[in-house]
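Paired with chain B in one complex and with chain C in the other, chain A is shared by the two complexes that follow.
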Partner chain A sequence: MDPRLRLRDQRKHQFQQIVHHPYFGFVLLGGLMLFVQLIQSLGVAIPVSIMRAFGLTMIYIVIGLGFAILLGYAGLASLGTAGFVGIGTYALGYLTNARGFSVGMVVFYSVLGAIILGVVVGFISLRIEGMYLAIITLGLSEILNEIFKNAVTITNGTNGLLMPQLVFFGTYYTVSNETVFAAIAVVLVLMMFFTFNIIKSPTGRAMLAMKNSESAAQAMGVSVLKYRLLAFIIATVFALVGGILYMSYIRYTIPTTWSLAFSLNLLAAVIVGGSRSIWGIVLGSFMIFGLDLAVFQRIIVTPDRNAAIAAFIERFPEHQEALRTFFVNLQQSLPVITYILNGLLIILVVMFYPGGLYQLVLTIKTKLVTAWKNAVRKWKVRRYGQEV
Partner chain B sequence: MGRKFDVLKRRILMAPIRWLESKIQFETDYLPLKMEESRERVARTVETLRLRANRKLASSERNAGIASEAVLGMVQTAKLKVEKAYYWKRLAILKQRSDAYRKNRSLAELDETFAPRLHELETQRLSAIEQATIRLIPQESDPSAIEACDHLGRRVRSRLERNETMLWEEHDRHVVFWRQRFETRIALWKRLLAKLQSEASKLQGQTSPLETKIEPDAVLKLDQLSMHFGGLKAVDQLSFSVKRGEIFGLIGPNGAGKTTVFNCITRFYKATAGGLYYRGKDGDVVDLATKKVHDVIRLGIVRTFQNVEMVWELPILENLLVAAHTQYRTGFFGQLLATPKLKREEKLLRKKAMDVLEDLGLEVYANFYPLGLPYGILKKVELARTLMANPDLIILDEPAAGLNDTETEQLKEVIRKIRDEYQATIFLVEHDMGLVMDVCDTVCAISFGKRLAIGKPAEIQTNKAVREAYLGGE
Partner chain C sequence: MFDTELFWRQFFLVLIASLGVFFLIDLLWLRKRPKRTEKQNRWINILIGLWILSLFWMFSGLITWYGVVITIADKILSFSSLALATTGIVLIFKTSITTNFAQGIVATFGVFFASVVITRAAAWGWSGWQLAMFGMVCGAIVSFLMGLAIDVFIIRKSKYITSVGKQMITMGLVLVVSGLIPVIYGIPTLSVPRLSYGDPILIPFGENMVSITPHAMWALVITVVLLGLLFSALRFTKWGLGVRATASNEIVAGMMGVNTRLITALSWAIAGALGGISAYLLAEGGSLSVGMMTATQVNGFLSGILGGFSSFLGPIVGAVLIPVLSALFFYVSSLWSNALVYGIILLIVLAKPLGLFGKKIAKKV
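Our next item is the complex of A and B:
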């Protein structure tokens, strides 16, 4: 027995245990984000808009995780997420600015409020299901939106609420964007841990049982009341935490952000990514929010700001004016193109990959692995005349 | 007044008794698991330490020319490495040879070109092995090297021994501590349990006003049960009782209200009138009308469905774990943080689920998703699911529907086995008369919600009213 060999095997085994641990990917994602922030702080020129896109996408992932538990596990459709996120932002903005509450206290009160809200919506969901529940929650969200617009003393109305500073233990601090970004990454990893634990626990199974067959779930001792309330509470807590993160990062909130469009985008992100896997949510959120923020909003096709396009126009002197107008128009319509692309994506995914893009990724991965193995086998047969 | 108060008191006492019983059971299962985990951890660490010590010693042993296990192992590894490389080289040459043969070269010509190459490769291989091993085992040994090796060996071994004993002692200390803590706690809980139980048993028996509603040897009693849907009387003043430990069959033509009776018992329907009484394992009588749908399983009443109701998005094993939902003792926050307690609990319940699956011969399907599995298998999985829930009364809604003859024969065996091994009473609805007549101890025939006859299977077969209901009157 060779001790070196055995030790190497042991080390390999330990390494594999760490790498195959489900938390590893989450920590890797968080670590990557922290690393990006670190090198940006050290002077590597990463554009601010890209950082902002990453930060916002992370916040949307947090909100999406809660929503995925609600939709993918408990099987309850909700369009009220925007309102709850809005509450989170206004709670932080108002309580710190006007009342001087510490951030910890705001989080505590928000979670308390989220539980109350979740219970209210959960009780509504006991009597109403499916599409009707979505409409009810949509109505709730619109009510909240109207409150944001009209409760001027708290929310500053349609002008939006500004929150220049955060409060920690009674003292006002100006926290840099970099710090908040790091905090978001940490919270994201924590939320991913929690989500993973919930969906792998008896609670997750009970919710799935409730979604698949309510009568079987009840016969097995799952209280529908309890788990519907729990699902709504979890989703609302995640949304409020997302709202608090958003407010600390952007420092500004305005009612129009928390409209139906946001809820629909979130729904799209969860559906496109795959509502039953954490990585699906990450992928979907990046597709719907991140791609728009980090890529489409940064494409510049105006001739006077993009040398390559200016040179391209130079090559066709007779159509110069027409091309110029075309590119200027294209620049103006880029945000609309995002919507069109998102719509197309949703249609394609729902038609061909009901399990979401994550399922597609898995399929591609297995296909690549099989192709690689086949290629190796073929090469070996050609060279050595036998497999193995 | 006093009687009512006693019943209430007993009901209040029963909750902590059940809690304590499950706690004691869980802790008793949990302790060996914890010890085993700790032992494995220590064993792993000790093995690593030993390997490290051997590795450390190996180089000096090699210098001293001692053929220890570690050195021989290293030689073996070096040899194998060389052998592996030359195996592939030889294969490549042989492949070239066979390709040449296919191009109609003569054998003599082939030997001319390839025999020297193979020979050369063989000599290369031998020399490579020699070189690899020579590097590891020197031919002559130096007394000073032996001295140094001895010295190092003594030091390393003594340190290893010290560390090992330290680790094992620590483990033993932990085990003793856990066992002591466990024993003191268990003693306390058992004392408390005995106290509560004696207190509760004093209150048991005639005190309950429900006691008069149900026979002493019966598990379930339907007393003038009626279920009306608007004007339709699905169940009409039906009464019978199911005895403990028997297999009770409920038969009747289509639309006789059999499934409605089941739904009333499991509280999916609220009965219009009449009483439903159930005597639990502890001998207490429960009025089922006061229970919620999801509480029924806690009493020990578990049911299957006419059309299989599975959690399609979970594998079979986890479907069984859904049935063990009420047996988890970790709360929501424990689940949120995935505490070691939850993991061990999960391990125990998974083992239990595997045992149940093996009992029914389903262990191959443990990791299959139910979607796409044959109907007969799914029916069996539903049975397994009821067994997972520590059943007292199993209610089977048409267990043989959609099964072929062999499967039905197997099902008879399974039903008897469940009754005998799990000490459960079985109450079933079935259209397959062969199964009902073979398996059941008592059969009750109903038609349009009304009882036609009740008795032994043979009596029912000869009953005139039953025949008329099935085959039509004169």
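Our next item is the complex of A and C:
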């Protein structure tokens, strides 16, 4: 064989090994985000609101990953996520503003607190199951929300807590949004690695067994106590890390953000995307949070501010006034329309694709691959004649 | 007249002592039995009942019985509308095994319609009471139809989806309907009239008088009548038997010839109508908003949990307890009353996971 050809084959093999590695996609996503941030810093005009949408969506993906382990693997429905994320934001805000704690210390204490909190909720989940658990965690979240509102000395009450600067090793620094964005991307990739390893390990399989049949899992030697506590601890740690990222990125937190609506949106993201796969979470978070933040909130159809619409109106001189008022009204009702579309999307996906949008993507991919293979085969038959 | 320090001393003593006693009994005695028998359950019930009564007794010592009674009288409107909303949630939980997040928003849709109808009907020369009643019935009918439509077009088609999935569907409905309300009814503020604008009704209590607004009195009457009708329907009619059969096992009920589709559809519709009336009562002459039922919704879930979703009467007890307790704890701390009540609910549910009146349903593995 030609040595050059063999070398090429070897390279191809190596390349495929890298591409097919499970981490490749995660690193690619993180790298893409870093790249976007880099070119924005270098002067490419990417609007700030789009960058913010990406940043927030990444934070929600982190929170969603923890929630997916809880819901998709351990089968425990929780509506208390908002409260836990809120704790993360307030922990960073208070400890930085009032105490001057370094970020590392805050993360350490938060993880410690998250473990305690996760154990408490986990023990609750041993006695209460299913929908009941969802409502009880909702009650817990309401209690936390009351605390955010009323513990004024720590949380600054309903006015919200502002955190202008971060502390690193005893010194206050003003960290730019770009740096935090990059940090979020890195944390996201690490969290994805962590989640991937959890769900592909005996722990993930044990959780899945527990979800499908608790009694059967127990009979096979799976400790329900251990894995329920573990699932809640993981979800809480992810939520608190998400809260810390949120606070360092937005620098402001207010109790109304951490209400039932947030928990429900997160649940929607996980269910719509598909609770059993990491890419499903990414897709779902983008659908529920990212699309709204990055696309819908930016659509402008007012003729004065949108040249294409203005040109479109110019083409119908006799109906100009009517069209103009129509588009102005449309602009006003746009937020409402996105609301309705989001709701319809959730309903349709749950009704027709219970496995989530990721299942839809996989189906389409399989169909495309099959179609491509068929086309190639047909072409070969036409070119070289029928194989016998 | 309120001694906060005395309260905390008593409250924590009662709370911690009862918790300690309960979990001690639970760990040392109840857990060792092969399974919880009826008798043991009754003991737990009596303990928890005594505990709740002791809470009331404690408050009577702090703000006198008269204070307790006027607090309860003040909350009549809240707990009657909450009882209606909770019954709707429980009805749907029983027949479709899901927590219906759309209950509140469907009710809101109905009350918006009622407001529009009342403004139209104002020209017909009816008296205020007739107008309000007409509006309420119209709102309830719209909510009824909407509940029916939700079941026929969505829930029926998603029979084989998990209960969390159905919950997501109702959540999507919340988004859709709360988007539709401003589109259909427009942005301007709407309001519905009270059922009655008369003078407060005075009821003698010892030497003092307890005053109740006529609107609240009407709300109580309507709630009692409606729930009485519903419960007698559940107990004595064929539909009620069907609901109970469907609640216990849908597939077997279907095999036995129960028309489960009709039963489920009617349950959704009736739940919608109950929600519509509850929203009308709760609006209390004020202006309407899209999020007006959110708090009632959350409290409805919690009272369902507190009373036990497996019974019909339990959630109503929960629905009465939650507003009353939070009003009583308001004397203790205006800021923390809700958090305290939620905490108490959490503790009670931990002690009795199926709720105060819940029954354990045996499940095959």
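The rule we apply is simple: the second predicted complex is superposed on the first by the 369 of 388 C-alpha atoms of A that agree within 3 Å, B and C clash if a C-alpha of one lies under 4 Å from a C-alpha of the other, contacts with A are read in each partner's own complex, and residues count from 1 in each chain.
FYI, a contact is a pair of C-beta atoms (placed from the backbone, for glycine too) under 8 Å apart; a residue touches a chain by one contact, two chains touch by 3 or more.
Just so you know, these numbers come straight off a predicted model, no measurement behind them.
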Query: So, does A:213 touch the first partner chain B, the second partner chain C, both, or neither?
result: both
- request: Using the touch definition from the top, say if A:350 reaches chain B (first), chain C (second), both or neither.
  value: second
Message: I'd like to know which partner A:342 touches here: chain B for first, chain C for second, both or neither.
response: second
Message: Let me test your reading of the model: by the given contact rule, A:124 touches which partner, first (chain B), second (chain C), both or neither?
response: second
Chain B versus chain C as contact partner of A:224, first or second or both or neither: first
- request: Check whether A:374 is in contact with chain B, with chain C, with both or with neither, and answer first, second, both or neither.
  value: neither
Task: Pick one for A:4: touches chain B only (first), chain C only (second), both, or neither.
output: first
- request: With the two complexes superposed on chain A, say which partner A:198 touches: chain B (first), chain C (second), both, or neither.
  value: first
Field: Residues of chain A that lie at the interface with chain B and also at the interface with chain C
entry: 213, 215-216
- prompt: Of all residues in chain B, which touch chain A in the complex?
  reply: 47-48, 51-52, 54-55, 58, 69-70, 73-74, 76-77, 88, 91-92, 94-95, 98, 266, 268, 292-298, 302-303, 305, 309-314, 318, 321-323, 325-326, 328, 330, 332, 335-338, 342, 385, 389
Task: Could you please specify the touching residues of chain A with respect to chain B in the complex?
output: 1-7, 10, 194, 197-198, 200-203, 205-206, 208-209, 211-213, 215-224, 230, 276, 383-386
Query: Hey, which residues of chain C end up touching chain A in the complex?
result: 93, 97-99, 101, 154, 157-158, 161-169, 171-180, 182-183, 294, 298, 301-302, 304-305, 309, 335-336, 338-339, 342-343, 345-346, 349-350, 353, 365
- prompt: Contact residues on chain A for chain C in the complex?
  reply: 71, 77, 124, 127-132, 134-136, 138-140, 142-143, 146-147, 149-150, 213, 215-216, 260, 264, 267-268, 271-272, 333, 336-337, 339-340, 342-347, 350-351, 354
